[in-house]
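Going by the order they are written in, the chains are A, B, C and D; count residues from 1 in each one.
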Amino acid sequence: MVKIGIVGGTGYTGVELLRLLAQHPQADVVAITSRGDAGMPVADMYPSLRGRVDLRFEDPAKANLAACDLVFFATPNGIAMQQAPALLEAGVRVIDLAADFRIKDIAEWEKWYGMTHACPDWVEKAVYGLPELNRQQIPSARLVANPGCYPTAVQLGFMPLVKAGLVDISSLIADAKSGVSGAGRKAETHTLFAEASDNFKAYGVAGHRHLPEISQGLAGMAGARVGLTFVPHLTPIIRGIHATLYAKIRAEVDFQALYEETYAGEAFVDVMPAKSHPETRSVRAANTCRIAVHRPQGGDTLVVLSVIDNLVKGAAGQAVQNMNLMFGLGETTGLCQLPLLP
Amino acid sequence: MVKIGIVGGTGYTGVELLRLLAQHPQADVVAITSRGDAGMPVADMYPSLRGRVDLRFEDPAKANLAACDLVFFATPNGIAMQQAPALLEAGVRVIDLAADFRIKDIAEWEKWYGMTHACPDWVEKAVYGLPELNRQQIPSARLVANPGCYPTAVQLGFMPLVKAGLVDISSLIADAKSGVSGAGRKAETHTLFAEASDNFKAYGVAGHRHLPEISQGLAGMAGARVGLTFVPHLTPIIRGIHATLYAKIRAEVDFQALYEETYAGEAFVDVMPAKSHPETRSVRAANTCRIAVHRPQGGDTLVVLSVIDNLVKGAAGQAVQNMNLMFGLGETTGLCQLPLLP
Amino acid sequence: MVKIGIVGGTGYTGVELLRLLAQHPQADVVAITSRGDAGMPVADMYPSLRGRVDLRFEDPAKANLAACDLVFFATPNGIAMQQAPALLEAGVRVIDLAADFRIKDIAEWEKWYGMTHACPDWVEKAVYGLPELNRQQIPSARLVANPGCYPTAVQLGFMPLVKAGLVDISSLIADAKSGVSGAGRKAETHTLFAEASDNFKAYGVAGHRHLPEISQGLAGMAGARVGLTFVPHLTPIIRGIHATLYAKIRAEVDFQALYEETYAGEAFVDVMPAKSHPETRSVRAANTCRIAVHRPQGGDTLVVLSVIDNLVKGAAGQAVQNMNLMFGLGETTGLCQLPLLP
Amino acid sequence: MVKIGIVGGTGYTGVELLRLLAQHPQADVVAITSRGDAGMPVADMYPSLRGRVDLRFEDPAKANLAACDLVFFATPNGIAMQQAPALLEAGVRVIDLAADFRIKDIAEWEKWYGMTHACPDWVEKAVYGLPELNRQQIPSARLVANPGCYPTAVQLGFMPLVKAGLVDISSLIADAKSGVSGAGRKAETHTLFAEASDNFKAYGVAGHRHLPEISQGLAGMAGARVGLTFVPHLTPIIRGIHATLYAKIRAEVDFQALYEETYAGEAFVDVMPAKSHPETRSVRAANTCRIAVHRPQGGDTLVVLSVIDNLVKGAAGQAVQNMNLMFGLGETTGLCQLPLLP
């Protein structure tokens, strides 16, 4: 059993971690912290866990996280970089679901996140936890930077093309749509039901924090800088990301076969038959990315559709996948729940 | 392993049975039939099952259902009464998720369902599959009539009061709200997204088919006829029933304690603390009924709130619970998935 | 032209007043205030008003409200009782869309609203602005207490029965469902999209502030105290209230005819044919209350269904209707927009 | 007064025409037809029109459409081309809201719509009713082909760039998202609430019928063939289209100024300030197209966001705008309703 702590468990990634870990045969969650709700039983905040999760939120200052094998940070950006180093030095392994350790270029990170980085050293040592890209490095990682939701959907969608050098990497386009849970559980006007339902909009077109993360990942695959236009949108669904990706073809191959071969051994990436249209609900609650490849009208633009559940493969599920790799468990352990449809 | 057949698997109760049975350690689904879609892989209709369910829909005329231990009918009303008797006589056990065997009074059934009943004999032998009411009879049942969704929520909500004779049973009120999946997957105008979303309405106020089923159940508990006003409504959620129940108090007890005691040993009924408001999403995807008891202003009207997922505790999940009882498996086997929230 | 000021225009009742008044031929909105957003053009907050409303929010301390003929308070409870008296004494007429002047019993108001009332005198002089009940008093009113949303739907639904003394007023039940805009535009967790969508729940069962308002109104109609159980619910729609009302019949009449006669001359109450099921969307954006009367199974319980748009007939539209009456304009002036369906 | 007939009034464009025309001071709807629902009062199908629209659906064979000044066809594709010629020859003017007269290349039309065209002559004479593009030709048109919903949003978004020759027209991308009402009111499984809500997907990526219509329009603006990748998506909103347009810059200008100048005199196109994100709800129920222009990171890709209400500016509202132009009425007559927000 892996002894687990969760820091910052009141948000959606926190409760989703609890849902998954409560059903994981090798996971033993021993502590979950919340500054604001210390003392409250977790199941009082999330009645879905009644009778199944007996923990109370603990004051982060008092929780004995150093006794854990693994601590998940499900905190806002800027917390893990403050608190993780002490745990890491005490021998605890860490998976950060926030953005603190995702961007290798500290200056770039500081520009997008608007704060000074507290521990550049650990950024260097951190492994970017996209298993389909970095499976070799994860088992030995002490610190895993769990990818963002958009970056997961977009990188898995572009990876086969960019790694093989088949498309124009100077003008990639990612038109991405996210469910509202991606904005988290904090009370804000623009994510109120009466604002966000029956409504569709783009946001952050001038620049979104996931842009440098995606660009870094794609550049790593390409071995060169990429030019990416990334436009996120808010769609009135609770969970789900749909990335519609556009790339100009530079060399001909059987693109469907390329995707099928690239992901042939992957338990959590499903390349659908040609001409498919993956739906976000087809991965609701599951740690799956479904991808379909299109070449409309036989032209020179390839369209790739990639869907994930932002809280699972885009956050908590991928974190558990990383945990499985780090602790030598089967990669799919505890992650076999079927999607919920309808 | 229980060898299982599913008749009529293309609707929502069918796919929900598949989701649950695919995750059940003792279930082996060997056949699923569909008149209209024979030959199609199940996962082509329901991509959520890709890679996990390899069955194809079979022509009902050709499927070898008689070789099954158990056949679920997830068909429209009026089919099981035609097809189940032959299977039953061949020694196959049957759970009917439709209404064919729920109402003991054949004339009453024929009035509400508008057809002549094809096998009154089996109605008599059928056990009404509400385990919290009939747990003793289910293990030996050859034919189980799985309860309707509204009847499950309403009967579990009223049961402690009615059994104990504490309320006026001549004027019970059940104001119930259902998600749209309760109407099934057939294409109809009034359940289109553009009709049913951002809209709320009552329907069937003059008389809904679940009224006689609920009345029969409550009368059985009371040992007397009951007067029930039942008003169903359509609310724009996919899954979920919320029953708001009103009863006039006739005798004083500690109602909260009554409910807690009644359901103390039940794995799938959760009596919440006093003053709680159960939400439908707190049981989404789970085989749980959550109940809260209120006495507003200390008056003489008791208000009971009861929520279920109509496709799980209100249909497929309860059917699996019945299967577990019929085949001597642990009652909760395969039914421990946590609710999906958010 | 009526010179109009709006205090507290940033909430949903504020923007709805603006939508209606911008299309009203006799209304001239000269000032709109907001403490927090003074200086911002209204159309920057509500782009739906771009090109049509040129006002900026003004600091309440600086706005020349005393020069108005009429001031609407679209403020949280407790503000109008502080600020309206000075305006009233300066000869300005006032319509308060909050609850400050609705309850005649000051002690009762203070109990439910948790504060000391600042001007009981004006409570006494205020006219409760439900035109279908109080049309005679409104034209001369200096101060109108605009009814709450639930109270409008429930009172219009019960009024014919209660006035005529045909039902048992000791055990009335109002099971009411509201869209999420009823909770206003302030950022709160439980009204976030990811919390409130795909979910249904009751709330405030122990006691909701609209209960004493409804009870007062019904008691006035009956000439006696009433016993009312009122259970509000949250349904995932933006606009709309659906009240399902239950009453025990004490005397027989043609109830359908009673309703049709009662509301025969009313422009904004539509009694639908017997057996109808009014939908909330059938009144979306319109100042209409649609009502249907049912007597299920010919029993002794009458079921009345009453729907309104909570922001129109339940708030801003009714306020404009009151304005029309107060200023001698045609009652329907500016209120003839058709509902938006789908 | 313009005497108006509507053929095929039971769909969403039909009821939306009725909503708008019932509030239009110069419109007199004298007949509305429906093959399947002849005899039914319109307000029985659409209770939102109760008390405001007294028409009954008439059998198309019996309705005296030839006595009208103008007939709208709100029919499925392939009907107007059969029935409009006789009316046109009788001197009636026609606006077709379907696709029969939109594509000038008959072979192209027949390929996409899968039928032989019944009257190529009238295709030639028809004027494409996008007033912002063809305002000069519309007043004298006998037959107007009302644009499709996607084509309206996409063409208005690209028009300033393409007309001015500032972008690479060989690789335009239109990533468009539509509300579900765009699929019409016919009962189909994939547009059921339980299928389409809480879900997001692309569809028709291989080729959608609006592609040739958009390409024709853009080619006309450019004076040359264009290369367009068009990917439509379904988003769970009732009304609204959001087009996200991508174009490679070929020549530098002040793009914001270009858009503002192009649409300076247009009543129904609103160019928002730089960096804006138009929301679909900001045009809900209104005949407005809102546009915002972005140049992310100062790169060489321009991103244009364009939103409309698919039933208004994308269908019935634009048809009324065309009617106003054809009959010499003010272009905005009857089209000044404010959007509904929230």
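Definition applied: a contact is a pair of C-beta atoms (placed from the backbone, for glycine too) under 8 Å apart; a residue touches a chain by one contact, two chains touch by 3 or more.
In this text the structure is predicted, and so the values were computed from the model without any measurement.
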item	value
Shortest walk length in steps over touching chains, chain A through to chain C	1
A-B compared against A-D, more contacting pairs	A-D
Chain A-chain D separation of Cα centroids, rounded to whole Å	39
Distance between chain centroids, defined by C-alpha means - chain A, chain B (Å)	36
Residues of chain D whose C-beta touches two or more other chains	12, 179, 181, 185, 194-195, 197-198, 236, 238-239, 278-279, 281, 284, 342
Contacting residues of chain D [partner chain C, same complex]	12, 15, 19, 22-23, 46-52, 181, 185, 197-198, 238-239, 270, 272, 276, 278-279, 281-286, 290, 311, 336-342
Residues of chain A that touch chain C when the two form their complex	12, 179-181, 183, 185-189, 191-198, 236, 238
Chain A contact footprint on chain D (complex, rising order)	171, 173, 175, 177, 179, 194-195, 197-203, 205-207, 227, 229-231, 233, 235-240, 242, 244, 246, 248, 275, 277-281, 284, 294, 296-297, 299-301, 303, 305, 307, 342
